Amino acid sequence: MTPETATPVVALLLTLVLAPLVPGVATRTRALLTGRRGSPVWQLYADLWKLSRRGIVYARVTSAPFRLVPIAALGSVVAAALLVPLDGRASIFAFPGDIVAFAYALALARFVLVLGALDTGSSFEGMGASREVTFAALVEFALFVSLAALSVATHQLSLSGLAGAPLAERWTSATPALGMVAAGLFILLLAECSRSPVDDPTTHLELTMIHEVMILDHSGPDLGVILYASSVKLSVLAALVARIVWPVARLAPAARLGALAAALVLMGVLVGVVESSMARLKLPKVPLYIASGAALSALGLVLLLR
Amino acid sequence: MLLWIGLGLLVLAAAVQVALRRRGGADTIFAILVLAGSAMGIAAAAGVLLDGATVSTTIASVLPGGDWVVGIDPLSAVFLVAIFVVGAMSAVYGIGYMRYDRELVAWPSHAFFALEVAALVLVVCARSVVPFMGAWELMAIGSLLLILTEHRHAESRRAGFIYIVATHVGTLALFALFAVLARDTGDWSFGALAQGTHAAGAARNAVLVLALVGFGVKAGLFPLHFWLPPAHAAAPSHVSALMSGVVIKIGVYGLLRVVWLVGPPPLWWGWTVLAIGTLSAVLGVLWALAQHDVKRLLAYHSVENIGIILMGLGVGALASAYGQPTLAALGYGAALLHTVNHALFKSLLFLCAGAVYRETGTRDLEQLGGLARRMPVVWLLFAVGAAAIVGLPPLNGFVSEWLVYRGLLQAGQSAEPLRLAVLATPALALVGGLALACFAKVAGVAFLGTPRSSRAAEATEPSIWLRGPAFLIAVACAVIGIVPPLVVPVVLRTGSFVASEPVDSSFVAASMQGAWQVAGFAALLLAAIAISALVMRWLRARVQRRVSDTWGCGYSRVTARMQYTASSFAEPLLDVFGRASGVRTHRGATVFHSEPFDLVLDRAVAPVWASIQRAAVRLRGLQQGRLRTYLVYVVGTLTALLAYLVIRGGAR
Amino acid sequence: MVVLALVIPLVGSALAFALTSRGARLVVLAAVSAAHVGIVGALWRTPRSSALNGWLGVDSLGLVVLTLVSILFAAVVSYAIGFLREESPRGGRWFAGCLLAFLAATSLVCVSQHLALLWVGMETTTLAIAPLIFHRHDRRSLEAVWKYLVLSSVGIAFALLGVFLLATAQPMAPGSRPLMFGDLLATAHSLDRAWLRAAYVFALTGFGTKMGLAPLHSWKPDTYGEAPSLVSALMSGALTSCAFVGLARFTAIVFAAGLDDFARPLLIAFGLASLVVATAFVIGQSDVKRLLAYSSVEHMGLLVLGLGVGGAGAFGSVLHVLNNGMAKGMLFLAAGNMVMATGSSAAADLRGLRRTRPISAALLLVGLFAVTGSPPFGLFVSEFAIVTGAIREHHIWVAIALLGLLSIIFAGIGGMLLGVVFGERASGDEGNGSAPPESPWLVSGPLALAAIVLLLGVYIPAPLRESLADAARMLGGGVP
Amino acid sequence: MHSLIEPLLLAVVLTTFAVLGTSRVTACVRMLAVQGALLGVLSVAVERHVSPHAVALGAGTVVIKALVLPWFLRWAMREASVRREVEPAIGYMASLLLGAVVVGLSFAVASRLPAVGGEQGTAAGLLVPIALATLLSGFVVLITRSKAITQVVGYLMLENGVYLFGLTLVDRISFLVEVGVLLDVFVAVFIMGIVVFHINREFDSISAANLVELKES
């Protein structure tokens, strides 16, 4: 097993390990910037450990979908991660059009999550589900604007092509367009992972929540796995954005792995900065926010098509 | 030959229903005959699909238009498979379905159903104008009679009327279409017509426009879709399954057949098809989101999926116009595969919805809830269908949408203006997201949570007649989704047949590889989920579990009435799209309710028809019963003619 | 042989007036009709047979229409037997007599090669049918027959003037016999253009009135609405077709004389006008028989339109005469059954009759699709040929207007007939729930006609096709 | 014999005007009878050499148009006890003016038509316009008079116009046809008379203006 073939696997494992760190870093940065000490960066690890040993409470009305939520969430996020060139050059599994597979794998997780929320019959979780699907539909749209732009730019149909070696050359020729696309992607990342300004993971008022409110009834290991899965999702997307902004395909394997770790931490910091700098939007404003992300990418796409 | 036997068995099945009426055993014999006939037909079609050869027979005829040609080529074979599978399953399902309604006499509708399937087969097998139009109209009339099965309800009568008028307009468009095609030849077999028109530009444009109208009505394209929701809602569910699964697909067949007839279509047509497809897809799913009647909702999803199919078709047309045969084959193939897949999962969904309707007696989402516990099998099947139609891996919907995406993205990489087609990609993604929202709503509100009405609370699992066929279709969905190599090469070869390009083996090989990779991804996904399932099992085993009420966020107890309703679930999303979402909302202090309406039917078609009627009423004054007035008409006419005579040189 | 086709019905009519027992009268009716069918069959075997030194003769057009008349009459007779059983004032003496006289007159129109003789036959049909319209002897039928008499007499008078003008146009060459159709056709180019034009204008008005082309159609709804259904069937099926024969003969001469550019616009204008009027009055029509009357106006329009566009259109309209005659007859008879059951022809009263009159209801449904030119019925083939003709002869706009109007007409007719067939009675009562089953006499006729219309949609016998093509060529057209 | 044609034709025109002008139904019928007689004589007069056919035809015309039909109409009136007034929709003066207009019009149209071929030149030259005039005045009567009986009169005048025109080609239309035409007209009027009779039975007056029951509501 040469390092070239090994690095993608290592990178995946690295991501899986470091994933809980990213939200931690984000919240910590935010705390520091707002002048508080805040919780330590490895807070999430501790929470997960605690949760894994707590008991589970299932609501009486719930059925299979509710039980399925953590399984699908983790499984499909990992499956999606297989398609991302985390190490900056190649993903573990790639095929033409796998960007569709990537997006739809995440959609699968969302589908199950929403059904689980509706399974409880609670109006709050129904509300959360409704918001989730609303914003997700728009994010899907914006996401594919960006992916289409990248595919036009690189003449590639797979993520490892889009975000891998071929992109590096294009940066020199089409910097502004790709810059816009990358910015758009970052905006979407915040929305997709329900971070501020779309959602505030730290709030405790159900009426304002989106993601959190959908998992109100989950507890113990279930809740833990769900939280872990969403952190993995965050870091995978973060890695993807990082790879696009900062193609490292030419570096040596070890360096690329280091770059991955650095990228994850940096993105975490970046998310924290954003969260500290702007407050959560009123819900009716969110579509506008997502649309702005889409608009940026669309502008890039048009520039590339021209 | 097999096909003829199959047709014969179908007709025989109808005859059995007529002969035995309500006597025992009729239904069983009927089911057996239909299944046997369909098996024959599928065998015949499969034969053609495997060795790509075209079989056809000629029947001497003395009607204008020369001999009748009937046969199977790859294009019709693909549709034959869909027709026979969906037809047979729905027919069997129908037996159980009609038994719920005691006072309705079921045997005529069963007989009509078998004949309708036969008519569909004839439509896709006809190779010359007269038999095609004949079978076409038989199909239309058959569907009318099936829609009117429950004609004691005014609703179904209205639906039937709208349907038949719309479809007749379409028929007249085809009338004109073939009249233009047959303008310069006395031999109206498709083969001869194909030679006739490749040259003529204006005629070809006329043909293509008329095709969009004539076949568009049948396919339910926006804005010609308006007949579709009422008809699908009014018809019995197995009929809706057939219509939505197969009958409207005949419109797609027609478009592909016309493309095959007139050769590479001009650019404007490709762009138009792509635009209409995108529009239908987005608006269809958006309007579906606004519905509360399960069957209407599914009907609007048919509009959406036809839109997706047309996006593929448009890519194919554009590619062949720009001379990119492989991409053309890809686009047409994607359209074909999505046609087949939609036939499968949409009929599956209709069959499940029908079971729910029969068990609960309502199609209104707001009356349902908690059915997952009452009818787990139906719930499972419905979930499969829903995941498939949303396009989630590892089900068949994903495979065809993946092909469509690939077509659009590859178009985006070409040098010509063709690359602008990539702009449709995000729209397709939006459609996917909206569909997910919509089916999360249906599945969640109808099957999960707690029952919203007593009838929903007392529902039970339906009989095997209903569950069996649905189960088989669900299996088909899963198989295509997990092992796409079974179908992808076939449809791509058919696609290149439609583009009338020689099949390029390297391209097929490449597509085969791609299909295997999709299969690989499906396997990986399943594996990942399995592993995390094991992990969860282990984690859960280590802690103790208990069951209690839902966390009510401080409220004492959660009641069924506190659940989120379908209206409110869809509201924020519809809000984003404002007026286009075609929904009237009533907000009250304690109540939020929304009632959907069809922007085309209620805002355009009905008003126009009303104004035509008003104009007609104004003309009534001409016939006021005075003999002297009538005599004045006569002398007036005569005077006019004499004037014409004088003008046209009546003088010597 | 040709003469027999006229004499036998005449004798039968005389007998019917003479005989006193109804039974005998019905026997005569049936026998004559059977004999007539037989004669027509024989005529098919011996084409071009003629009599009275050529005054009577059978050409393709005449033979086709004669066949239509004969078959339709047979169907009507079988219906009349059931009809006279159910309701027959005064033993149906006038009824049988006039029916047979009508048969004689229509046969005369079909076989007369002398145009003045044709006119005589035409006028006689009017007179023979009038007492039948008046069958019910009430105010409404009185009004109907009065309007019919005056309007069609005036119209037919114009036709006579047309005949005279044509005679004037004919040069007095020693060889050519005046007003003999064959000679006129042969020597068409030597006719005086001006007189010929004038003749055509009057003939068009006259025969147009008899056909019921808009705006000369105003007698149609009243007459068809009030006459007994079988009479309406005969009029819409046979009488109008005979009028078409007259018009067609004039048109053939005019075309042969090379006046196409003069005649075609007139025909197309009449056709479109009829379609428009039919459309306007079909929508929201509340009475079934009046609806069928307007549908008849529509189809007459199609006939002249086919002649006007020429080419395949001519073939189409000759074939359409046949199809429309059969379909109309079938519809009127089927509707008649329902009207007889309720005593009213208002659509609202006929709803829900499918329980007691299932066969008639089914026939109405079949008729709806047949009469709107849906495949696989014969009218599809003919209407398709007409549309093809319009497009081939570069009348694109005519074709477009035609299709648009046809679709609206379909909505109108479909709206009513579907309501009648599938609708429920407004008042919940099941109406005559205990009505006797439909008598075979009353359904066999329309069933047979329906079968023929369907057959013509899938198979046209070779000899018939030959005659149609021949007639089309005579009318300056060709075979599609 | 030939010299008679013109005065006879003028007489025909006069009868036409009389019908238009008179206020009495009986007078209308009488004038019609006179017209019929004139036609009968004309059909002989137009012939150069008197032929038995022409004589027979003339005789038949006189019998039917001058004797039988008028008598029959009077019978119908008597049975139906028709009120004597014509009750026109427009005044007599107006009808007369209309008649004048019609006559002028027919002469105008006739002047644009080629001459009727053959020897009886001038006579025919007058024949065609007067035939047209009679026909059109018949139409005027049909449209302006509301009584059923007067409409029959109008129809007969119209018919006479056509018949007059037919006289231009006695040598071409064979005797048989002429007779057939004559008989048809006879039967037509006969049936009309019957209907008029019935109309009176059903409705109190026989004004055709009452017959407006059948219409599109």
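Descriptive notes on the structure:
Each chain gets a letter, A, B, C and D, in the order it is written, and its residues are counted from 1.
Going forward, contacts are C-beta pairs under 8 Å (C-beta built on N, C-alpha and C of every residue); 3 or more make two chains touch, one makes a residue touch a chain.
Predicted model only: the values in this text are computed from it and were never measured.
When the C-beta contacts at B-D and at C-D are tallied, the pair with the greater total is C-D.
In terms of their C-alpha centroids, the spacing between chain B and chain D amounts to 69 Å.
As a whole-number value, the distance joining the C-alpha centres of chain A and chain D reads 100 Å. With centres set at the average Cα position, the gap from chain A to chain C is 77 Å. If you average the Cα atoms of chain C and of chain D, the two centres end up 31 Å apart. In chain C, the residues touching two or more other chains are 146-147, 150, 154, 194, 198, 221-222, 281. Shown for chain B are the residues that touch two or more other chains, namely 620, 623, 625, 627, 631, 642, 650-652. Listed for chain A are no residues, as none touches two or more other chains.
Shown are all chain pairs that touch, namely A-B, B-C, B-D, C-D.
Residues of chain B that touch chain A in their complex: 369-370, 372-373, 387, 390-393, 398, 401-402, 405-406, 408-410, 412-413, 419-420, 422-423, 425-430, 432-434, 436-437, 439-441, 443-445, 448-450, 514, 517-518, 520-521, 524-525, 528-533, 535-536, 539-540, 542-553, 558, 560, 562-564, 568-573, 575-576. Of all the residues in chain C, the ones that touch chain D in their complex are 114, 116-117, 119-120, 123-124, 126-127, 130-131, 134, 137-140, 142-147, 149-150, 153-154, 157, 160-161, 164-165, 167-168, 170-172, 178-179, 192, 194-195, 198, 221-222, 225-226, 281, 286, 290.
Contact residues of chain A toward chain B in the complex are 52-65, 70-72, 74-76, 78-79, 82-83, 93, 95-101, 103-105, 107-108, 110-111, 114-115, 117-124, 126-127, 129-131, 133-134, 136-145, 147-148, 151-152, 155, 157, 206, 216-217, 220-222, 224-225, 283-284, 287, 294, 301, 305.
Of all the residues in chain B, the ones that touch chain C in their complex are 61-65, 130, 133-134, 136-138, 140-141, 148, 151-152, 157, 160-161, 164-165, 168-169, 171-173, 175-176, 178-180, 182-184, 186, 609, 612-613, 615-617, 619-620, 622-623, 625, 627, 629-631, 633-634, 636-638, 641-642, 644-645, 648, 650-652. On the side of chain D, the complex with chain B involves touching residues 89, 109, 112-114, 139, 142-144, 146, 151, 208-209, 211-217.
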